[in-house]
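Right after this note come the structures.
After this come two complexes, each holding subunit A, first together with subunit B and then together with subunit C.
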Partner chain A sequence: MRTEGGLWRGLTLPGLLWLALFVVVPAYAVVAVAMGQIDTLLQPVPTWNPLEWNVGFVKEAFTSVLPGGTYWSATRNTIVYVTVTVVLCFAIGYPVAYYIARYAGRTKALLLVLIFLPFWVSYLMRMLAWIGLLAPDGYVNVVIGWFGLGDPDWLNGNPFSVVAALTYGYIPYFILPVFAGLDRIDQRLLEASRDLGASPFWGFVRVTLPLSWPSILAGTVLIVLPMFGDYYTNDLISGSPHTNMLGNSINLLIQGGSQKNLGAAMVLVLMTILAVGMLYYLYETNRQERRRA
Partner chain B sequence: MSGGQDGPAGLWDATSTRRRFLQRGATAALGLSAASVLAACSDTTVPGGQSPHKAPGGLPLARPDNPVQLPIYPDNPRVPSGLEPEDGPLQLYNWAEYINTAVVKSFEKKYGVGVEISTFSTIDEAIAKLASGAVGYDVFVPTQPYISLLSAGQIVQPLNHTYIPNLRREVWKSLQSPWYDVGSRYTVPYTVFSTGIAWRNDFLPDYDPAKLSNPYQSFWDATDISGKVALLDDQREGLAMGLLRNGITDVNTGSQEQVDGSRDALKELIDRVNLRFYTNDYQHIADGSIWLHQAWGGDMTAIGYYLPEGTPVSAVSYWWPEDGRGLMGNDTFAVLKGAPNPVLAHLFLNHMLDVETALLNMEFTGYQQPLTEMTPERVLEEELVPENLTSAIVRERQFEHGFLQGPLSAEGLGIWETAWSEVKTT
Partner chain C sequence: MSATATKAPPSRPPAIRPSRWPSWLANPWRRPRFLAFTTWVYVAWALVPVLAAILFSFNDGRSRSVWQGFSTRWWWGDDTLSVFHDPKYTDALLHSLYLAGFDMLIATPLGVLLAIGLSRWRGRGARSANFLMLVPLTTPELAMAVSLLLVFTQLSLLPFTAVHLGTPAQVIGQVTFSISYVVVIVRSRLAAIGPEYEEAARDLGASARQSLQYVLLPLLAPAVLASMLIVFALSIDDFVVTQYMASSGETTTVPMLLYANARGGATTPALNAVATIMVFVTLVGVGGAYLILRWFGHRSGGDQGKAAMQDLTGLE
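== the complex of A and B ==
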């Protein structure tokens, strides 16, 4: 028994090494640059020793993302766009996942493949396709024109287009974990709720929804993490400073001469915001685990 | 790069004054707690210490009325005269799409060597790569304002003019020993260009900046073509536009007030005309997605290649002030320190300063070189510039009077960079 435990522990070693090499070290490098200095060539010089850290950039970064700061509008846009996108992903994705898990029967695998089929095409190509669709003389406006609904300008810094593109880009990564969660729910629990007099609606609200909550959270985490750092969707679909997200600001700083340290400090800001979300996720999943046990 | 190994001496002094918004802005709660944990640590955001009002390396700021001779450092000497060229291949580190391959081929043939080209798309990207030290390039194409930085950081090596006779023979007198590099110690000129206003006269038949008292103001008045107006996505060019519109002609100003004034003007412009920012002005003017664009003259001379079928070159106009009091810039050639083929690199510079080479090169790039024989007449004769875009040709006299971009001090750079970030995150 003991040797078996040792074997399994040993097997985690490559994974741990991987994490250390490609997660911990780069993350520390970001911190070292954010807490570093600028040299005569205006290049960032990382400070590896915490005792010599320079907090100027980090202070500036955290101040600038608050209301009144330079990057407040980017912070606000990021939070609003990501929140709306998550709500849309839930509203559109949950019913799809629910249908596939409960009613698709033998076509289950086929439907899942179909959902992922467009994602075999590169992300960039799919966004460029959106540009074609949303262009002033594109198909979207042609269809809207049939109904006499005007001639909206989708690509000129329009936040609706950004949110639509984000939703389109990330929704499969939401559907998949939710489907997996729903698929795992023991049908006997639902039958029990019906036996105890719950209507289909209340059966869903009191049994299915709570049981799928962890998978909804997992799906949300899966799409929120990359969306917070996303800048290319915005660049392609809008390109206007009006719809800038934090990812765009970081991109600008990293390319902006002597501002790379500040860019690294902004990454720390982003990590802090995401850490708060992750802590909630961990707390929530832990709670669910304990309740189940 | 030497900075990393030199320790604190190579760094800008960390105890210098901070950027003003740190003093102005309220310190965030998070910032405070971080600060208290790290109370013993330094707190700075600027490389300013040794001398915030000077160019990097403590050099004086070069200006037309204040020429600067860049120092030669003992550990970065010239390559000796009279050496045979190396076997190559020559490594050229250039902007993307910024040289005619025919010109490269003719060099390869002349010296029986190969040339390998690597490209960059922003000067920051290039300097970051060169500063990392892990590159083996020979020739670099820095934009002029960065030359003092590159020489102070010993990224480039001093030139030996005996290998570059064309510098004296072919180049404009005013650029044989330019104010930003007196004696051409580190660079020879590559291209000269104006930054003006391009527009589609087929969509804007009544528009003519030459008739306006403040042509730049026309961008702010273009509310009826909202979404069709763009500036160059470039910190120096964009903010200079705001300065000129505000009546300030010092496009290298280090004044917080003036740069902030430009910033506010640009922020207003973004709101008024749904402003876009692009570096590929030629593409957007050509496809008609933008009708009014701050533009580089060199890009406009080559616009014919980009126009869709059915749109004549005559549909594009370009304005730059007749009297030469407009925005200008120039790019240069330099040989990198530690170049594997320094002699060959010098010969390449000489090759590029040959007028026949320059004419062939302009056929592809659209950019003009400051060579005496590359006259406006010659350029027109060779059909390198369309008849209706002759305003994009730069004359030596204009170059002397134009508002040429130059280096900024460490403090000035901070002011410009912050202002630009604020413009780009309205």
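== the complex of A and C ==
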């Protein structure tokens, strides 16, 4: 038995070594740069020894994302856009997933393929599609012109376009887990609730909704995580600093300017925010599981 | 879904007295027109813009937003500006395919071995190993890209100094996030195969190694093939890590080209054509993976198409 354990561990070795080299060490490099110094050419000098860490940049990053700080507008935009997008994804995605899971019947296979397609059409291609449609002479404005609603400028710092684009971009990632969750629900439970006198409304609220709650949470995590690191949607659909999100700030600090230390510190801020969110998610799913057990 | 549940509606009389509930609530098994309408509107909303962008690659004029008649000039008609003649596009396409090939060949074996090992390994270390495998899936890609960029530019230590930004760094970055997807696909297939085949092999005298080599690996072949195609598609579509690891114009990929030129007024519909090629290549890869998983699905009954789809999206 002992040698067998060795075999299985041996199989994981190359993969784990790869992940240690290119996930763990780079994560430490972010910390070392965030806690490091800056030289006279404004280039970062990482500090690898924890005893010599300089917390200046991290402090600066944490205060800059709070109200009154340089990046507060980015934080605020991120919170507002992500919240609205999640609500929209739920409002549109839940009915769609519900329909496909429960009623689609003969069209189920076809609908599954159709909601599966956008998942694998490149995100940037889907943004490109909207850039064409939202252009000043594009077809969205043509349709709006029929109703005499003017000529809105969609692609220059319009927060509505950004939220619409985020919703369009991320909703497939929300629908699929919710569909999987709804599809797993044993329908006899719903029948039982009706037999026991629950009204249709309460049958939905007390049976279907709670049973699909874990998948709603999973879908939310699945779209919130990448949105916190998203800079390309904003760059493509808005291109204006007014709608910047945290991802844009980090991207500008790292790729654009000479403030890599602060950029690395901002990554730490981002990961802290997400870690708090993930802890809540794990706590919530644990609680659900224990309640069902 | 159980058979009794689907047969229930006929025996259940539809609302005896006029219901004050919307029909989809009053009888959750009846055909709800409103939900059906919402669903089909959603499908149209999700797909029509992409179809429009594909159509614009056949535009006769230079515009990417106003239709000026059909032509193939941006595909091959124009001798300098069309997608198959302008080196800007052909180079990006070739580099995308080149990276995808490398990613596929490195990430698949690493991921397959990791999945088999993790599914059997009990005891100390297994939990941390599982956690480490999940990190790339639960970290925003931007954070991964920044960390890789910093390690390659700031850490003067082998092997990191040996990796230069450009193709080598791009391959390493893509492999790093691809491994986890391979693990998810292969692991769900392992769960579907179950322990019986291996146990039978062991009863008949095979060693752990032999049962792995002659029983498990052949059974896993479809999942391995599917993972390769998925990694290929992931690599072609990847933007953030690939952009951060790029060095010069020569390491530009198709998504990077889209990012840099999508807003430009001077950009021609050839950009839509190159995007269309990318979407086509990705969908052929994913479609192939889907068919493989579906045909060789080892699940007992049930909807194999759906199961295959869930494997492909990495959802349990």
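As a working rule, the second predicted complex is superposed on the first by the 260 of 293 C-alpha atoms of A that agree within 3 Å, B and C clash if a C-alpha of one lies under 4 Å from a C-alpha of the other, contacts with A are read in each partner's own complex, and residues count from 1 in each chain.
By definition in this document, a contact is a pair of C-beta atoms (placed from the backbone, for glycine too) under 8 Å apart; a residue touches a chain by one contact, two chains touch by 3 or more.
Owing to the predicted nature of the structure, the values given are computational and were not obtained by experimental measurement.
Engineer: Touch test for A:280: subunit B only (first), subunit C only (second), both, or neither?
Structural biologist: The answer is neither, since A:280 touches no partner chain.
Engineer: Tell me the contact category for A:239 with respect to subunit B and subunit C: first, second, both or neither.
Structural biologist: A:239 contacts both subunit B and subunit C.
Engineer: Looking at the overlay, does A:52 come into contact with subunit B only (first), subunit C only (second), both, or neither?
Structural biologist: Only subunit B is touched by A:52; subunit C is not.
Engineer: After superposition on the shared chain, which partner residues are touched by A:62: those of subunit B (first), subunit C (second), both, or neither?
Structural biologist: After superposition on chain A, A:62 lies in contact with subunit B alone.
Engineer: In the overlaid three-chain picture, which partner chain does A:99 touch, first (subunit B) or second (subunit C), both, or neither?
Structural biologist: second
Engineer: Which holds for A:255: it touches subunit B only (first), subunit C only (second), both, or neither?
Structural biologist: Both partners, subunit B and subunit C.
Engineer: Mind working out whether A:138 is in touch with subunit B, subunit C, both or neither, as first, second, both or neither?
Structural biologist: After superposition on chain A, A:138 lies in contact with subunit C alone.
Engineer: Comparing subunit B against subunit C, which has contacts with more of the residues in subunit A?
Structural biologist: Looking at subunit B versus subunit C, the one contacting more residues of subunit A is C.
Engineer: Starting from the residues of subunit A touching subunit B, keep only those that also touch subunit C in the other complex, and list them.
Structural biologist: Touching subunit B and subunit C on subunit A: residues 239, 255, 260.
Engineer: Considering only the defined contacts, which subunit C positions touch subunit A in the complex?
Structural biologist: Against subunit A, subunit C makes touches at 1-2, 4-5, 8, 19, 21, 25-29, 31-32, 35-36, 38-39, 42-43, 45-47, 49-50, 52-53, 56, 63-66, 109-111, 113-114, 116-118, 120-123, 125, 129, 132-133, 135-136, 138-144, 146-151, 154-155, 159-160, 172-173, 175-176, 179, 183, 208-209, 212, 233, 236-237, 239-240, 244, 255, 258-259, 262-263, 271-272, 275-276, 278-279, 282-283, 286, 305-306, 309-310, 313, 315.
Engineer: In the complex of these two chains, what residues of subunit A are touching subunit C?
Structural biologist: Residues 3-5, 7-16, 18-27, 29-30, 32-33, 44, 46, 92, 95-96, 98-100, 102-104, 109, 111-112, 114-133, 135, 137-139, 155, 168, 171-172, 176-177, 180, 183, 186-188, 190-191, 199-201, 203-204, 208, 225-226, 228-232, 235-236, 239, 247, 250-251, 254-255, 260, 263-264, 267, 270-271, 274, 278 of subunit A touch subunit C in their complex.
Engineer: Can you list the subunit A residues touching subunit B in their complex?
Structural biologist: Residue positions touching the partner: 35, 37-43, 45, 50-60, 62-64, 66, 68-71, 73-74, 153, 156-157, 239-242, 244, 248-249, 252-253, 255-262, 272.
Engineer: Once bound in the complex, which stretches of subunit B touch subunit A?
Structural biologist: Residue positions touching the partner: 1, 3-4, 10-12, 14, 18-19, 21-22, 25-28, 30-31, 34-35, 38, 40-47, 56-57, 122, 124-125, 127-128, 131-132, 149-150, 152-153, 155, 227, 235, 270, 274-277, 413-414, 417-418, 420-426.
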